[in-house]
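Just dropping this structure here.
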């Protein structure tokens, strides 16, 4: 009787261990595959892979324009989103009357789960025409549109996590500051925000990660032309969009370069993740609790 | 009198901090032994050594012998699961499972493999009677264990332990979270139970130790200062430190 | 000021889509298949079925694997550098963009496993993508079970697995179910990796080895290949209602769970 209990216990333990390492295994496999498939591209093309001419049909595989496209669109997104999110987070944590906050907070969490294609769709249908009118050129598919769409997309995520961080600041800090005669805004600026800094940084990093990885919405609003955007009204293409647009019909070296784009993305995420860990050192618990992260997926 | 549990030269470490030093004492069968001492002196730690519950805490080390009926249980090959059936524990905070009263008491026998519904019902009834809870709850066995009062919950926890038919009962300040009336009920219960079980109780409350136990051990800063019959310890302690503690000089 | 703006922007999008999409929604929309072509005639019946199959298959794979891994990490793992590596691995996996999973799925499931562009490939790829989230939410649910219950169980002579099975898991169940629902939500919202791995067929799937589109992917095709903006909006509306329902379900569950736990104090 006891032998079987212990036996079951041991068997179960090993099964669970196997499952736990599965994630690690998948990660390693992905890394292996990406770099294995991408390697030929680097070998054959060397540094020319970072050229700015992308003409697969003529065997020109420079992905620099895509890299720039990704950087520009995500930078714009952060530019719009970060102040708005922090403002919104402050609003919910400090300014809003409790009833409003009670409703708004779940609403923000809900918005984290909206599929990105929806954002892309609204971007194409609503935003692009407006931008086309303003800029007087093209269809409005531009890095500006991409930046705005991305910004709106990461708003809920960054807001939500920043707000958690703000609310976690001990009351005692606020009280001390106010008791010394500081105004509310002084308290917020000098005490609250610095205290919540690690949460806010983590939130921004998370948002950035989501923005970098966004694919479908980007394909819809950024115009998908592999060129340098000289103004914010120009079209461009992101690394992610590049992969999605061409993988279906790419073979040989062409496909390898697309894998190289994937490798680049992988490295970027790795870098962000490391940054995130450094920023978060000393804090207990992860910013992605309560299942928020399940909705923070990029597509 | 037979020694149920004996420890010899027991040392215990939390990481690098030594919590117990050279503890050698005997727990007599069929008697109530009280462990007293100020906060942090190691009495709870010692109690938990007796059923190897400290194993669940990371980075702990325990050296020395712990003999249960003459056999050492403090080495790596001990079957702790089996040990804990023989040496049961009641905790400071009543902690019934979020299940029905019946399921709480039946939990132990079930995990030991008992499946027969009749047998389970019998054991549940017997255990609840033994803690004087049967009459109060017999019509409500499906109610959640959490719906009972503090004192009832603790009695439920005791019934839960009795259901696995242990030989020793370890009680870690079982009344500290209870009101005086519930406390008295539990103390009465202990006197009844001592006929069948060996009981070791950790308590902060000296009057309780004096009321309830036949043997008392005084712990101070991880060491066993003095141990002997309760009456002698409280009226005529040998060690000055014991005298000071008893008279309320510290602790 | 800024706050109101922040909340209202995404909210505006939600309302906009629903408003634009509503006119196109009728019974036909749900029951007919997309006809393809520039006009984008037809409805989303096949797409809905594909999506349901996809989510079902994904959950079947992700849930047991995720819960198992979480049980190990929460209950069995000791604090060594090895478990740290596993945890870091899980975190890293969580951040990888969906399109990269698409590449991976293409190479492994579609080609090496020879499953082709199919719903199965899609769900396996999604399983890889969603696994870290399932693990995290399950682990969290399990950690919230008070230590005293574990101790009581062990002190009665339970083996570790018995303790987990009979005390921890039942108490953690609402949280685990929440995690499952969120996984389903994540699966529905995904598009990039599915775009790559499931093929773009708009037909009703006959077997799991058939390809197809999920609701999210269908929106993309509608926008890019047709000018049926109303249909796209309508699909978007359906999608968002779905997400909303899932979200409310999880909220309801957590509220229930908190009420239960609250009874203990």
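Per-chain residue numbering starts at 1, and chain names A, B and C are given in the order in which the chains are listed.
Assume a contact is a pair of C-beta atoms (placed from the backbone, for glycine too) under 8 Å apart; a residue touches a chain by one contact, two chains touch by 3 or more.
The structure displayed is predicted, hence computed values, not measured ones.
**Q** If each hop has to land on a touching chain, what is the smallest number of hops from subunit B to subunit C?
**A** 1
**Q** If you average the Cα atoms per chain, which one ends up farthest from subunit B?
**A** Taking each chain's C-alpha mean as its centre, the farthest from subunit B is A.
**Q** What chain lies closest to the overall centre, CA atoms only?
**A** Chain nearest the overall C-alpha centroid, as shown: C.
**Q** Of the chain pairs A-B and A-C, which one is connected by the greater count of C-beta contacts?
**A** The greater number of contacts lies at A-C.
**Q** Distance-wise, how many Å sit between the C-alpha centres of subunit B and subunit C, to the nearest whole number?
**A** 47
**Q** Suppose each chain is reduced to the average of its Cα coordinates; what separation in Å results between subunit A and subunit B?
**A** Each chain reduced to its C-alpha mean, subunit A and subunit B end up 54 Å apart.
**Q** Between subunit A and subunit C, what's the gap in Å when you average each chain's C-alpha atoms?
**A** 18
**Q** Which residues of subunit A are in contact with two or more other chains?
**A** Residues 5-6.
**Q** For subunit C, jot down the residues that touch at least 2 other chains.
**A** 159, 162
**Q** Where in subunit B do residues touch at least two different other chains?
**A** Touching at least two other chains: 81-82, 111-112.
**Q** Going by the contact rule set out above, which residues of subunit B touch subunit A in the complex?
**A** Against subunit A, subunit B makes touches at 79, 81-82, 111-113.
**Q** Show me the residue ranges of subunit B that touch subunit C in the complex, using the header's touch definition.
**A** Those in contact with subunit C are residues 51, 53, 56, 58, 81-85, 88-89, 91, 93, 95-99, 107-108, 110-112, 144, 146-147, 157, 160-161, 164.
**Q** What residues on subunit A touch subunit B, complex-wise?
**A** For subunit A paired with subunit B, touching residues are 1-2, 5-6.
**Q** Okay, in this complex, where on subunit A does subunit C touch?
**A** Where subunit A meets subunit C, its residues are 5-6, 8-9, 12-13, 15-17, 19-24, 26-30, 33-34, 37, 83-85, 87-92, 95-96, 104, 106-111, 113-122, 124-126, 152, 155-156, 159, 209, 212-216, 219-220, 240, 243-244, 247-248, 258-259, 262, 265-266, 269-270, 272-273, 286, 288-291, 293-295, 297-299.
**Q** Subunit A touches which residues of subunit C in the complex?
**A** Its residues touching subunit A are 1-7, 9-11, 13-14, 16-17, 20, 65, 68-69, 71-73, 76-77, 85-86, 89-104, 106-108, 128-133, 135-137, 140, 159-162, 178-179, 182-183, 185-186, 188-196, 216-217, 219-220, 223-224, 229, 232-233, 236, 239-240, 243-244, 246-247, 250-251, 254.
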